[in-house]
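Structures are listed in the sections that come next.
In what follows, subunit A forms one complex with subunit B and a second complex with subunit C.
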Partner chain A sequence: MTMFRGLYMTARVVHGIHVSSRFIHKHTRFFTLGLRNISTGRPVQNYFFKDLENQFKAFREKTAEAMPSSDWTPFEINRSLPPERADIVIVGGGVMGWSIAYWLKQKEKIREGVRVLVVERDPTYSQASTVLSAGGIRQQFSLPENIVLSIASADFMRNINKHLSVLNEDPVDLQFNHSGYLFLASENVAQIMEENYKTQRYVGAKVALLSPTQLKEKFPWINTDGIVLASYGLENEGWFDPWTLLNAFRRKAISMGVYQCFGEVTGFKYTTNSMNTAEGNKLDFQRIKYANVQMPNSLEYQPVECAIVVNAAGAFSGKVAEMMGIGLGLKDTIAGVPLPVEPRKRFVYVVHCPDGPGLETPFLIDYSGVYFRREGLGGNYIAGMSPEEEEPDTSNLEVDHQFFQEKVWPRLAHRVPAFENLKVKSAWAGFYDYNTFDQNGIVGNHPLVNNMFFATGFSGHGLQHSPAVGRAIAELILDGGFQTLDLSAFSFQRIITQEPMLEKNIV
Partner chain B sequence: MAKTSMRRTFRLVPLLAATPRHWSSNPGAPPPLQTRLLLYLSHRFHDVETLLSWIPWLKSRGVRQKNIFYGYTQENFGDNVAAAFYILSLRGGFRFAGQSEWFRSNKRGKFSWDFINQRDATIEEVDASNTLINYTGLENLVKQKSLRTLSLCGCVEVDDWFLSRLHVFQDTLEELDISHCPQITVGGLASLRNLRALRRLDISSLPKLQDPGLVAILLEEMLPQCQVTAFGFDHSLTYSHTPTDAQRTESVQEQ
Partner chain C sequence: MLKILIPTFMLFPTIWLVPGKWLWTATTAHSLVVASASLSWFKWCSETGWVAPNLYLALDPLSFPLAVLACWLVPLMIIASQNHVAHEPLTRQRTYISLLVSLQVFLILAFSAMDILTFYVMFEATLIPTLIIITRWGSQTERLSAGTYFMFYTLLGSLPLLVALLYLLNDTGTLSMHTLQYIQMTNPDTLGTMLWWVACLLAFLVKMPLYGVHLWLPKAHVEAPVAGSMVLAAVLLKLGGYGMMRMMVVLGPLTKEMAYPFIILALWGIIMTGSICLRQTDLKSLIAYSSVSHMGLVASGILIQTPWGFTGAIILMVAHGLASSALFCLANTSYERTHSRTMLLTRGLQMILPLMAAWWFLANLANLALPPLPNLMGELMIIVSVFNWSSWTILLTGLGTLITASYSLHLFLTTQRGPTPQHFISMDPSHTREHLLMALHLIPLLLLVLKPELMWGWCF
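And now, the complex of A and B:
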């Protein structure tokens, strides 16, 4: 009997049928007459054999993970922390910060020559000045430096795909409207406008002066009451989409290897060298060693060891400078001069007017301070005004609609009679990184904190200057001095010596 | 397989940078096989990445060569001859003011050199259709103060910045044809407001215009003495497949 059974089993094996041990045992049990097996040892053995395949697989995976080339570590890593070391830390991820990051990578002489980290506090950009801006670019300034900055930025934007295109991504479309700016001057500012016109033409901006009759002929919807002279931009002026520019810079910079971190810079660790001047006064030179980047909604922070810190924090640059103690020294010393940049809230109202001016509407800026521009093709306009006397509260971004009713609308309706019947569709508020000293940008490093560079304080024209200023800062850092445009007039030195570079006619 | 090997290659790069690489930030169909292969190689090898980054520069060499500034010609032969030579080298055509014959190059690019003797004749009509004229090349033409007709039909390199530069012809330009130019958008058309003398404007078949009918009406309002032609657009109402609220309530009531 046993022999027959054995033969039978061998025959099955010969057939090549894979019979598990459990099946063999069951088969033999079937032929055992009456005997029932109640032992529990056998099922455990069955499971082991059944799971043998899985056991081997798990063993193989565990071995692979433990091998040196795998990513497994015993410690949990917070992947949103910035790297422990970076060459240049840029505080602020607005258009200025990303422009500087892009140009730093563009100008590095070897691949991965500088490690750049951009630290941005708010991933949604809900309070960032860049995205809340009206997005205009103009060459009609009075300082030649501002004019050449605008011309250089317009050249950059004209060739933006040559600079910022990434392999296999869509080309950049800034939606640039070439509608020009129109400045209106009354009796007392006409003289300034003429001088500015001469400077602008000398530097190379394409601007034209218009008399009231010419103005009326060109734009019949304007009420030329009180206007003595108008300055009109012919080329390289208009408005574009700031979010597209920001994302173009960001995408290209990240593709070139810039690190991005969402966190807040809460402090710096620095070393101090005390030196004496010729007169015997003591000067403390500080050198930033670490920038502490704190993660959002957490107490966890990473001290990033860095060589250079760029302060491009926009409206909040004053707070970042205070972290270094800039301005907290004794009065009448260099250390006691604070960075004069503070946030100023400005309102932008979207209005709809059915019979308003058409496609030829420029970005019109009246001498009373009110401005408006066309938005889209459906009769919508964007209007605003810089407040004259009292500044709105900067603790939030709430819009004051009374301001529009009382201040903006009467002036708008006076200048363009068609705006007497308009409807406010929407409004928002944004911060200017307002330079309380002279309303122009501060570009360059601090004399006492030699490795903190400023690129802030542009008071409303940071966006339009961002490509050119980014290049200038990259030249300062990598080449040691300005190469293409000389912006030494915008250095921090003028704040210390109290020599303002005032721009006549700002909005 | 490709992903694990890429991850192993980038193990040395800090974790922050080791994000999974996608083909493009566009959703949609993955690119064809040879493009995917090239992209994969460019992600792995710096040489391939650099070579691929040279391709746009190489492609634009032809355009740049056509649009160089003929400074030497301007110095020695005068502005008009330089402008004429520029247009002929682009394979376009022009007509001098006061004359009725057109100067053109033939199919093989050969043209007669008679225009060299006419240093004082300014150009009145320019036909630069289907050429590679662009913003930098316009530098050669800005001195032509009596230009009346400019035809840029089918020019690939004409974009909004080119249109914004046409303000130099604001007093004399009467006819402008920018049909079939793929790069022109509304922002560029807004810059035509300076062309006071414009009588005929052709904006047919501009692919980047979203609302061609509305733009044509706004242009006519902007330039009251100008006749705007806009053929080649589909003005039909687009059919929306989402039911309106009225239709939805009707269907609910029927049930």
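And now, the complex of A and C:
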């Protein structure tokens, strides 16, 4: 019965074609019997064409692979090796290195104008200063150059999506908390703070001086004991996420065609030109021809032919400079002046205090050297202190909890009574690329090694200056000189002539 | 002929038996002697129409300028390579110079071949040393792809040429150029003959290169070491032009219709490759594309088949050979100092190397066809003869001249003028060897202004 209905239905459907009904009725009978497929297997004919299709497809794919424009080669090439030739090799893939790479690509006027290679030793960034940083940015420096750098970098970071956004990708969110820095001064440093305030205002930073009573009004949780003057940054100061900035620079730079290589620069091949000065002293000018990049966990290395090398290796820049013999010459010569950058270990402790200062907390820096800032919205704070007498051992990144118990906590609790009951949640240690000479960055090329540029030695304020310094180095390389900001005060000359540019506000 | 060929062959024992510290001096001196001896070919006896004729090899006014150019270039190549090859093991240095000399041998035999099949064999034979030089002494991974492109583009054109030549041999019984001038083409209207016409010319058009099949040239030039680039630009491209001119004799009346698309392609190529030059970031790549541009003009001049066209083509070939080779040598001087071919990083050199800036200026002026240099003479003759063929081509050739001038000036201004980068504090001053090299390129060019009849071919 149902079968008959089914037949009838099928017949009515077939009747939709314009043929006389009677004729089609008879016809459809046979047809529907044929349309009703009784066999469960597929007919053999379909297999043949499908196989042929598949074979053609495989053949096409194979020939496409062997076409000249594709990647396939008969020789096995190790893809993680850097290219054999790059115009500019940036040693160090921290925020400074990637900022320089981004600005170099930004400034080339023609696509693929320069080939930039960033060489980073550690893809996990386990020892990199960038990501272990507290991430603060401030304009409260004593040197006008530093203030100008911070203002320029803050401007970059506030408009970061105008610079670093990539098409079809998420916009960059730096989590820039504009909470400002609060420096506290005791009797003997209040004078310096006032002079700094004048310099900062002159250069254009928006800073305010507060008396102890004003301080107590604004931040009631502070114990103003011993404080004579406080300096509070009103704009462009605060903290942000260093990982986000690093990844934003990296993503944008790679989208613009910067090559990235995970390897370690272990040496350079260079040529030397010996010349005599007017007084008859001998000077050896060196020119780097190749940078040897060694692959991780392997003996394989690739000599990368390069025109310029930028030393942005942060805490380890001293070692990279030694590979060129900077500092290994005779004592009273230019070649004997080493790059005075060495790693210094600093600790950061994450503490939880439920009755703590709250959301209004600025990045507070006490005259005793201890500092803290709010971290997130759950009552966590980050605290630390620069060690005064003894520098911790830099062979590892182990945290010294005794330091917190003995040095940091008492001073913290003295300044902010609520911190007497806090709990240390976690802690980490990171390296400053510490410039032992004058704790300020070294930017520019070395007088004897013609094509090595430095962008290192920022001693704790490198992250906040990275956008502006990156632009300055790119201008130095591509335009022949500084254009927007003149950082010639940070050149290596001052190290040779032993004229320090001392920054009085080093945290 | 033998008094040039045998000393050239004897260069091989010189290379391999001379003690190591005399290698470069001896080979340079020997090849300079051979080059000066080759100048004797300029004495043209117009009775027979051929210089130094024997049964198998002879030179005529078309081929002896090119043969002299080939001989002249070998000492220049050896001088240019001295610096960058000097750090290698001695055997490798000897091999390198042997490859250059073997190229010279094949080239002299090619230009003086009287039998077209001999010419074909020598034409193919020049590919092998060039391929070895590009892939073994080039500096980057891309050189393998460059070698592949170079090899297979040329072979793609020359297999049909072989078939066409064998067919011609079968048809006429001889391939000697003495007799082929009297051959009539039998049936010019059939498709088969038209295909045969294309097959005859395709190899040479690829070698010139014509615009559509020019992709191998920038790759090969950029990846080759300086001597490879010099010989490629100066002489190997001219093999294509010379081959075309020889084949025109047998291609008969068919060329009048069949050449149409190739002339247009060549003229269009001048403008296209000239525009590409304006956007180049790599120094050698810019010079390579400018070679394509000039050779487009030569190709159209040859395909027009008028006396002025041919004369212009020969003059432009010789002049372009010297000028382009000079530019590659200059690019190499800059590359040896900064290890970068990127134009953004090798700027403002006039402040540091002012004498080299003077050579840059001269070479760029030669490239943009400044009067009274022979580059202009050749270009003008070709432009006039092409205009005679069709008035509309003046748009293409005029625009092409304008673009040539602009990219030559762009090249000069970018590399020489402008702010000097910071990292050029101490660079090697210009070596005497480099000055010698440039002088040996540009002095013949200037001398040719005074007696251009040497290059004019049969037509004057």
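Keep this in mind: the second predicted complex is superposed on the first by the 434 of 507 C-alpha atoms of A that agree within 3 Å, B and C clash if a C-alpha of one lies under 4 Å from a C-alpha of the other, contacts with A are read in each partner's own complex, and residues count from 1 in each chain.
Here, a contact is a pair of C-beta atoms (placed from the backbone, for glycine too) under 8 Å apart; a residue touches a chain by one contact, two chains touch by 3 or more.
Remember, predicted model here, so these are calculated numbers, not experimental data.
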**Request:** Could you say whether A:Asn236 touches subunit B, subunit C, both of them, or neither, answering first, second, both or neither?
**Result:** first
**Message:** A:Phe453 in the overlay: touching subunit B, subunit C, both, or neither? Say first, second, both or neither.
**Reply:** second
**Asked** Should A:Pro82 be classified as contacting the first partner (subunit B), the second (subunit C), both, or neither?
**Response** first
**Message:** If we overlay the two complexes on their shared chain A, which of subunit B and subunit C does A:Leu478 touch? Say first, second, both or neither.
**Reply:** second
**Asked** Does subunit B (first) or subunit C (second) touch A:Arg287, or do both, or does neither?
**Response** second
**Request:** Show which residues of subunit A both subunit B and subunit C reach, each in its own complex.
**Result:** 77, 83
**Request:** Give every residue of subunit A touching subunit C within the complex, in rising order.
**Result:** 68, 73, 75, 77, 83-85, 87-88, 108, 110, 112-115, 273, 275, 285, 287, 289, 305-308, 444-445, 447, 450-451, 453, 476-481
**Request:** Report the residues of subunit C in contact with subunit A in the complex, numbered from low to high.
**Result:** 139-141, 144-145, 148-149, 279, 281, 338-340, 342-345, 347-348, 418-428
**Asked** Which residues of subunit A touch subunit B in their complex?
**Response** 69, 71, 77, 79, 81-83, 111, 158, 162, 165, 167-170, 175-180, 206, 234-236, 238, 251, 257, 259, 261, 358-360, 377
**Request:** Under the touch definition given earlier, write down the residues of subunit B that touch subunit A in their complex.
**Result:** 7-8, 11, 14-17, 23-26, 31, 35, 39, 42, 46, 49, 52-53, 56, 60, 135, 160-161, 163-165, 167, 185-191, 193-194, 211, 214-215, 218-219, 221-222
